[in-house]
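Mind having a look at this structure? Questions to follow.
Order of writing sets the labels: A, B, C, D, E, F, G and H. Residues in every chain begin at 1.
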Amino acid sequence: MHRHAVHELLERVRRGEISPAAAADELARLPFVAGTDVLVDTHRALRTGEAEAVYCPGKTPEQAAAAFAALAGSGGPVLATRAGAEHVAAITAAVPGTVAHPKARMVVLPGPVAQLGTVAVVGAGTSDLPVAEEAAVTAEVLGAKVERLADVGVAGLHRLLARLEELRRADVVIAVAGMEGALPSVLAGLVAAPVVAVPTSIGYGASFGGLAPLLAMLNACAPGVAVVNIDNGFGAAVVAVRVLRRAAARQAP
Amino acid sequence: MHRHAVHELLERVRRGEISPAAAADELARLPFVAGTDVLVDTHRALRTGEAEAVYCPGKTPEQAAAAFAALAGSGGPVLATRAGAEHVAAITAAVPGTVAHPKARMVVLPGPVAQLGTVAVVGAGTSDLPVAEEAAVTAEVLGAKVERLADVGVAGLHRLLARLEELRRADVVIAVAGMEGALPSVLAGLVAAPVVAVPTSIGYGASFGGLAPLLAMLNACAPGVAVVNIDNGFGAAVVAVRVLRRAAARQAP
Amino acid sequence: MHRHAVHELLERVRRGEISPAAAADELARLPFVAGTDVLVDTHRALRTGEAEAVYCPGKTPEQAAAAFAALAGSGGPVLATRAGAEHVAAITAAVPGTVAHPKARMVVLPGPVAQLGTVAVVGAGTSDLPVAEEAAVTAEVLGAKVERLADVGVAGLHRLLARLEELRRADVVIAVAGMEGALPSVLAGLVAAPVVAVPTSIGYGASFGGLAPLLAMLNACAPGVAVVNIDNGFGAAVVAVRVLRRAAARQAP
Amino acid sequence: MHRHAVHELLERVRRGEISPAAAADELARLPFVAGTDVLVDTHRALRTGEAEAVYCPGKTPEQAAAAFAALAGSGGPVLATRAGAEHVAAITAAVPGTVAHPKARMVVLPGPVAQLGTVAVVGAGTSDLPVAEEAAVTAEVLGAKVERLADVGVAGLHRLLARLEELRRADVVIAVAGMEGALPSVLAGLVAAPVVAVPTSIGYGASFGGLAPLLAMLNACAPGVAVVNIDNGFGAAVVAVRVLRRAAARQAP
Amino acid sequence: MHRHAVHELLERVRRGEISPAAAADELARLPFVAGTDVLVDTHRALRTGEAEAVYCPGKTPEQAAAAFAALAGSGGPVLATRAGAEHVAAITAAVPGTVAHPKARMVVLPGPVAQLGTVAVVGAGTSDLPVAEEAAVTAEVLGAKVERLADVGVAGLHRLLARLEELRRADVVIAVAGMEGALPSVLAGLVAAPVVAVPTSIGYGASFGGLAPLLAMLNACAPGVAVVNIDNGFGAAVVAVRVLRRAAARQAP
Amino acid sequence: MHRHAVHELLERVRRGEISPAAAADELARLPFVAGTDVLVDTHRALRTGEAEAVYCPGKTPEQAAAAFAALAGSGGPVLATRAGAEHVAAITAAVPGTVAHPKARMVVLPGPVAQLGTVAVVGAGTSDLPVAEEAAVTAEVLGAKVERLADVGVAGLHRLLARLEELRRADVVIAVAGMEGALPSVLAGLVAAPVVAVPTSIGYGASFGGLAPLLAMLNACAPGVAVVNIDNGFGAAVVAVRVLRRAAARQAP
Amino acid sequence: MHRHAVHELLERVRRGEISPAAAADELARLPFVAGTDVLVDTHRALRTGEAEAVYCPGKTPEQAAAAFAALAGSGGPVLATRAGAEHVAAITAAVPGTVAHPKARMVVLPGPVAQLGTVAVVGAGTSDLPVAEEAAVTAEVLGAKVERLADVGVAGLHRLLARLEELRRADVVIAVAGMEGALPSVLAGLVAAPVVAVPTSIGYGASFGGLAPLLAMLNACAPGVAVVNIDNGFGAAVVAVRVLRRAAARQAP
Amino acid sequence: MHRHAVHELLERVRRGEISPAAAADELARLPFVAGTDVLVDTHRALRTGEAEAVYCPGKTPEQAAAAFAALAGSGGPVLATRAGAEHVAAITAAVPGTVAHPKARMVVLPGPVAQLGTVAVVGAGTSDLPVAEEAAVTAEVLGAKVERLADVGVAGLHRLLARLEELRRADVVIAVAGMEGALPSVLAGLVAAPVVAVPTSIGYGASFGGLAPLLAMLNACAPGVAVVNIDNGFGAAVVAVRVLRRAAARQAP
């Protein structure tokens, strides 16, 4: 519509129905018309790559399904995160072709994406699994190859070291950890890839809902670590995929 | 410049040198050109009313004076806040016509502003004076009439009640208080004007640098209170002046 | 009653039954009698404008309905906020003429109010809707015209910019945002009206129940922002209405 | 028993059955025997005055009733605080002569206490009532006369001022307030008695579970205020009663 | 003045120059005139007992001396707290008859006060001495007898227990402690008097400027403890003196 | 397996099938193979002593039972902590030979352990009992003799002092306390053994979920105290058992 | 050395001087020998790319210069961060070939690095400049091309939008902002590259030393943002360079 | 003295000069006499082992020297911690035989102590050295053998693993770390000894003065870790020595 209005105006300039000066004024009077159009386009392109996501908590199953269905027409992949059993049921019923990932608490409608590099998703403990799976499934849906390394926390260092080769092959490492949140520091000292750290709310007492690993990760003694919000596996995957896409963009002839 | 480029493009459309479709593409390629221009204009107009301000902490006297001088050409009033003695000296030496307000820790270059309504600046204690003065001087420079009511804290309620008439005449009340920050609650129960609350870092121990009055003011039991940052007399005055300007705008024939 | 006692006393002075000195003593002995009366009157007038509100959490449906019914006799509008389904049922049953606003979690008994200017209520995300609606409904009940702009967060800047004209027409802008709470900063740089910021508890992890947007809003880099308590849509509307009333007062001949 | 053991030992010394040196060794070997006895006695005496209390949360009704019954034999009054309906039922069934105080969430077994002076229990809002009642009932059970002043918050100052005479007659004032917690500051500027402040967890958002009024009360600008834990009406009453007892002790011939 | 105006008005009523109704209106129009007078009187009386205090931090020596001198004419005792060497010099030079208390960081101008009961000021460690002395000197200046018990922390329990008799004789106990702040809990289990607890900022690391003992004292497991702000020895003494005055008032025939 | 691969490689060196240089390269290519093996062995040995533990919260009864059963084959003792009734049922059904400890919220499968020294587990209040029992049962399962001292808080000092002999005989003291957390400070001043402090989340208001005793214990004025996480009775017992094992190791001929 | 020892051992196996089994034992006895060597090598290679850094605060000029000189022999670039004037002087004097970057508070010894892609370093305000420069200089020294965009905060949105093209060309965006920290959210909605957010301690009051922008950035409503520690420009640059290196690695034939 | 008084009393009982009942009364009247004596003796013995310490901050050099000199007569070792250059000078001048440890910021007067086992003091970074040295020197002065492992943080894991043998030989491990505080978790997974963790205030931004490593250590995922206050090297050493003494006590025939 906006773009149409600009065309119309330019046509009128061409036909001499309006002077260039008056047309410029009109353009200025409609603030951000052109710019907005550009933004929308770009934004949509960007989003196509990144997939649309529905965050389920606080939504009724019906609301979540409606939001999911609305996004399903965009052509790209669609994700629902933190989906309870009833959200899963409602979305699956409403949108054909979806896949449920119970461990990740997600529902996914796959869509066409570019094939990207590798993300290693490393979890410190079994309790971190849902967050790690949220990261892994998100990254896969967005085109990444994913290596999962579960239960390789720093208290059992040998399990971590035994997987070192795999870790070093990854283009990005997502480190998911609750408790003391030491995993990203250790990883960033072992690999050359960027480490995206996800603190989890796993723990009790002086964990204060994930504050302890969050602060630890922000203070990682090894440079090369950047941190997302507590339990935000989805966000970590989006950062990782953005990294992979830059690499893919450069790789293309 | 941007506006010029748009004119040029439209001229080329008029001259038939470029098709409307191609011109529309070009407009889209230069994101925010038109919009940006509009923004800049609007923004400047807005700023003229609000005065430009130099926040001195962390700046050397020379840096503060240079920033102040750069703004001094804009035609409107210019303010320097949290100015130490050496900042005052440097700015006064660099820009003719400035006025120092030591109690408010400010330097001011007056400029033409509309005559606005009345702000009552109420301070709970003598130690809050610098913050209250920062609010009062800022409001005056921006065109407001200011009533100052110092040392009318809630522990000496009679002093507050004795000034009630003046308080009720004000269009906006700025309440400045450290310690337990109770003043805005009491005021909002006594007057019908909006109360802009400024917590101060006055206090010690469990004041935690102004956290105590900040939380108290956010939890004011009387509706009608909105809060700015700790010690932010300048910000409170800008909010108050924005309120007065709306009233002035409506009042104009 | 109090006023009656004063009259009685003065009559006795007039009839010579008590000396002026003794009467002055008696007046002094009854502290705040006169003053209190004044206060009560003023206060009531003030309240009539502002509507009485029942905050439902922690109250049984019966208690909420009883409180609502008690206020319903005052002649002005009455509001119930944060009303669950059972509160709504109880209040609606108890007081005829009420209107339920489920999206705002409110029940309203309309009353006569002055016609005031315009408040723009801007919500950053769909999850902020209940708080934004609480602000919008409250403002409407108190006499304001309300423009609702939903889902115009800073991550989709074009949606915000596309509504700029409407925003600039408003006398006050209420900005409701959770997550990083950036909306008020962006708005205060775009409009000249005062911006009342409402942080919401929407979010998780390092949002810490709304602490993140609260701190962000208090630190808004654009002056002109004042903040109310987390999720306090009602409070923001009362501040906005106080602003509008000052403008209306000035406008009157 | 301990005291008996000491007597026995001393008897054996008198009878020459044990040398003083050996007896001294034995005394030293039983650390705190004598001292402990003293402590126990004093302590019991002290407790008799203060009543024994059962804090119900986290206890099953059976556990609470058993604890209450165990204390009921001590001769003094016994209190159960934060008692849910099922705690009340269990305790009432288990111990004859108890009285339930639903508004205070308490069950009480009265006992003989000295007649003490007056405590004014002032509540800022209706939501603070359970905490205020906990303070009032505890003080009454322990021998105080109690004046209740409900709903006299600082936003409606006239209601507070209208009760000033009563407030000034009290020997101790207990001020119960949530939200911004301004009540104790205002009270301490109006009366000469010590003010015991009780912050409540009433509120939401930036109240942070009562942190806001707690900090406000600790920073009260008027000296004469001391603070107990959030929602701790029982603790405030015990402090108040200790004050009254000292006065009573001095008053006795 | 105010009182005079009331007299005048009443005279006019008596002389029939103004009707009682009109006079009542006039009284109502001057809000708080009578009430305010009463308040002022009461307040001053109250203050006379409590002494006026100058809090020195943030004041220049000249400002502190000027404030002190202004209060010195009131007839009652005057205190300056947290006075640095230069404050002491300036005040001593400005006001004859003052006494410096370096350990308490105070300057005192003694004044007539009633003879009151006994306060035990108990300090947990040598570093708490300045705060304990501030409490002790303030209490003495206001008429209390003071027993000082220094360095009787809970890690050396025997030192505390050895002074038990003295502690039990006190009418109020002020417990000053940094570190873990355990002293008031222990004391409240040993004595029957009210315990006013003063957390100090002594400590480092996880003391967080006195937060640790503050929280500990608010959570004292023994009832009978009320808490003032961190390092607020002055405030604790005022609470204690208010307690003693009630006892003295009751004792008087 | 790893060890086998190394053997194989070395055999090939011995047989001349691979040069030492190539073998060294291969060793280097398999990072941490040898080292890892060592670690694994050591680690397992270590774990045998310490028992494996299943933390139940966030696990379904089935998951907890499966994890428990998996560990049950290791030969050492196995523990489940924070087990609800349904966890207990599931584990007991799945693994023969387990013992439920309801007060400690634990299920235990005993296993062979060395006989160690004595741990005194001291609880400040009855509400701390579940945490204290978790510590006591864990220590017993791991081979320690345990002395339980319940309800010996600092407000009733005589109960603590009466048990001093027992306390002084212990090799390690575990002090469990909520509220103000003063117990470890008092204990560390009375005994020569290391004191492991466990803050509990018992309390309300300004306890902030156990923050108050946590900070108090970290600031213990008596040296000799080290602290574990809030409510972490299991962790305290493991620290204590590590202390006892060092003593046992030294004691062995 | 370690590698040498392994060679030696293997040679002895080859010569039949030691059996494979004994050699395996010996390998196992020296834990981590081989693995450690690998780690050291990798680590050094990794570090060569990342440059060694000396963090100056808390070091005397001599200590900083000595540390810098020690690293200078490694062949790669060396950085000193947060260097005061005296640190700069000492390092420059001690190591030839260094370059001082006063705005970034850094000293740099350049070294050979691979040519990498582009980092846009965006600063919200002039006060954020030192942190932004630390990021920019670090990235440049490590081989990145750097685009600097200063003073493009969200309150002056037009300045940000006017630079959109440049921003969209960057492979990584580093967003540096204090105050409300809204910049990364806005940027992540405008560009497709990963956004590394650096909160700064610029601000006062409720900024709480950078906590406000830190929390805001962690809660960014636009996915694609990861956060480093407050003021950690160096760390952000290392993350960015790790991203660029992956792209470069993929790009290589 | 006290003991003498008891003897005297018992003698009088033996001589029949006082009845057992009267003597029992007298014993009870002197609370804690016997008990106190015991306490004092024990306490002194305890202290002899642990050394007396003077904490210098907040003390003038003269005060520190006086406190040190007073303790120097006790016969055992004496320590001064956090000693500035001027404290060192004053103490050294005042007490002959002292030794300064500048890296540990300590002054020590050695004294006779039992020969104990081994403490490994592990520091994560060079900046942690002063705290690590405070722990090491304190432990040595109290009789422990100390192994120092500096700069073995988790980002350079190989340095830690290379020292594993030494670590495993230690009877107690003290782990000193700032930043993310991951070291104790890693260590507790590698060794069987108890790990005493010392968070340090090294770091900036989101370290919040050591809060980050403190929380991390309290949440260590490996059991076997207990934590002391931030920067409290002295306290960690005292805990470690208490552990060693228990082992020594058991070892003795």
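Assume a residue touches a chain if its C-beta (ideal position, glycine included) is under 8 Å from a C-beta of that chain, and two chains touch if they have at least 3 such contacts.
Just so it is clear, the model here is predicted, and its values are computed rather than measured.
Pairs A-B and G-H differ in how many C-beta pairs touch across them, and the larger number is found at A-B. Note on chain placement: the centre of subunit C and the centre of subunit G lie 49 Å apart, centres being C-alpha means.
Spacing of subunit A relative to subunit G, judged by their CA centroids, is 24 angstrom.
Between subunit B and subunit F the centroid-to-centroid distance comes to 58 Å (mean Cα coordinates, whole Å).
The geometric centre of subunit D is 58 Å away from that of subunit G, both derived from CA atoms. Residue positions 31-32, 35-36, 39, 43, 156-157, 161, 189-190, 205-208, 211, 214, 218-219, 229-230 of subunit E each touch two or more of the other chains.
Counting only pairs that meet the touch rule, the chains in contact are A-B, A-C, A-F, A-G, A-H, B-C, B-D, B-E, B-G, C-D, C-E, C-G, D-E, D-F, D-H, E-F, E-H, F-G, F-H, G-H.
Looking at the complex, you find that subunit D touches subunit E at residues 35, 39, 42-43, 46, 49-50, 53, 117, 161, 168, 171-172, 189-194, 196, 214, 218-219, 223-230, 234-236, 238-239, 242-243, 245-251. Interface residues of subunit H, counted against subunit G in their complex, comprise 127, 156-158, 161-162, 164-165, 202, 204-208.
Against subunit B, in their complex, subunit D makes its touches with residues 124-125, 153-157, 178-182, 185-186, 188-190, 203, 205-208, 211-213, 215-222. By the touch rule above, subunit G contacts subunit H in their complex via residues 31-32, 35-36, 39-40, 43, 55, 57-58, 199, 201, 209-211, 214, 229-232. Listed in rising order, the residues of subunit D touching subunit H in the complex are 3, 6-7, 10-11, 13-14, 16, 19-21, 23-24, 27-28, 30-39.
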